[in-house]
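Across the two complexes that follow, subunit A remains constant while its partner is subunit B and subsequently subunit C.
Up next, the complex of A and B:
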């Protein structure tokens, strides 16, 4: 499947991802999911293409951000569909990549 | 085969060839050594084999032990670096407890220190795979599990919430327990590596 769109988190969102919910503060996982991730993901599914997400060049990803965005998307749309339409990139940190993919495969219900 | 290995192979071959030539000369033409005519060929081969084993085995074993020790020292240093980076996170929490406050900058720094720790864990993983491939999988699985448990404690809970601005006694004590768990695990990994 061809990659036709991308999200570069440090450019399109922030270099300092926050916590889980909007009520927890700025740049939360919920904000990222609702404003950026979900709309682009739905377009990718409708257009049958892949969305590339560049995870590099941020200060770090709190577990609550990962769970509140990628985990929540996986719970809503199924891990198979998410991994079919999203490709992740992290040249800086392979463990970060692993953590995001594991969260999608086994999302925590919070 | 590396250049060094090629040189060693060439050197050994040359020594064997020259040695063989000398024995041949001594046996056939030069009456320098008088051999017992009843001496069997396998007895000479046995003597040469014993000499070769006696010289090469201690050298090879010594080299193997030294190489192994230096690889393990390097791996242990990697783990000590991870302990040191996680120690910086502990220092931020301790300072937050002492000052009764923790800022957004402190939280960003904690997230960055986790990123740094992940780079160090990844480096350890790569080196462990090269040196001890079969044992590396289980060691790294356990290490990552313990690491993520500690990271989740700090970044999947109240600390990352913007209204969390004070490290109270309860959080400080709980964090010390979680921090001790990961530190203890990393120290057990050092022992596991020494036993490999």
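Up next, the complex of A and C:
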């Protein structure tokens, strides 16, 4: 499947991701999901292409942010569909890839 | 819109005034006014009386370190609160202490900025006499948060922040992380575990510090760069109800222990740090509860020299998994850690 769109978190969202909900403060997972991730993901599914997400040059990915964005997307759309249409990139820190992909594969608490 | 005539307006005005004047001459009105005047007078007299009271000396333990000498320091603050409640004015005397750690500074500054602690009774205090401790104390930024005629300056390597809006503040987390990274690692590169921990601390306080749902609690962050080493310490503190008395944990315990009250907080530490404590009514319950396990996982990294949680009557050392039953209850939560170059 071809990559036709991308999200560079550092440019399109922030270098300092926050917590889970908008009510928690700035740059929450909920804000990222609703404003950027979900619209682009739905377009990718409708157009049958892949969305590339660049995770680099960011201060961190707190678990509440990852769970409130990627975890929630996975619960709503299924992990298979999410991983079919999203590809991740992180040259800075490969552990990030693992963290985000694990969250998508099993968003519920272990 | 049609304007009302002057005559009509003045008639209405007169009616309102007349009703008001009648009210002012009623017995109920006069009684209320007299009561209020009397109450204000009594408050003024009480304030004057309080102002004339001498300060009671309340010397701090010699080892003024909350992380090392937890029981004694906790007792010091509990006793102070009791005396404040009895309307004693206190000299919170740390003049002669022999040891002072950053966590104790954050506890002191948070306490004296909390009305539930000082009950508006009046307090004073001075910096420690020992020169090295005096320097730490003065440069901590402490004086920016108290009324002081003298010193008001933060040291170059310190950050003392009070968050009143109880929000997760990513920009502050970045600033705090950077301060430690520059001192410890000598560069400006993000260190993800440190940033993530700071965000999770803020988020947990937002969610776990209150005894009532949706009630928020202020938090304090103190970052201290040790000038004698490459280490940086972080003290993250709130004076809420403590994790074990928070609504989420209390609801969980009610379900688990169903009516029996024969449990101790120390026995449910494993449930807490593994993230299985959850409230059944919580939104997104099935995907929440990963913050504390993430902190616990990161705490094992060699970069983190110490990692402690003190809350209610339990002290947890996340590096060694050791738990200590405290003699007193700490109404609040302290997360303390240090980073070191490895």
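Assume the second predicted complex is superposed on the first by the 108 of 110 C-alpha atoms of A that agree within 3 Å, B and C clash if a C-alpha of one lies under 4 Å from a C-alpha of the other, contacts with A are read in each partner's own complex, and residues count from 1 in each chain.
Convention: a contact is a pair of C-beta atoms (placed from the backbone, for glycine too) under 8 Å apart; a residue touches a chain by one contact, two chains touch by 3 or more.
If you're wondering where the values come from, they're calculated on a predicted model, not measured in any experiment.
In the overlay built on the shared chain, the residue A:75 is in contact with subunit C alone; subunit B does not reach it. Put subunit B and subunit C next to each other and count what each touches on subunit A; the higher total goes to C.
Legend: residue contacts after superposition of the two complexes on their common chain; A:96 is shown touching both subunit B and subunit C. Residue contacts after overlaying the shared chain place A:67 against subunit B and subunit C alike.
Subunit A residues 16-20, 24-26, 59-65, 67, 93, 96 lie at the interface with subunit B in one structure and with subunit C in the other. Of all the residues in subunit A, the ones that touch subunit C in their complex are 14-20, 24-28, 58-65, 67-68, 71-72, 75, 93, 96, 107-109.
Across the interface of their complex, subunit A is touched by residues 104, 108, 110-115, 118-119, 121-122, 144, 148, 151-152, 155-157, 160-163 of subunit B.
Considering their complex, residues 167-171, 173-174, 177, 190, 192-196, 199-200, 202-203, 206, 275-276, 278, 284, 286-291, 293-294 of subunit C touch subunit A. Those residues of subunit A lying in contact with subunit B across their complex are 16-20, 24-26, 59-65, 67, 92-96, 98-99.
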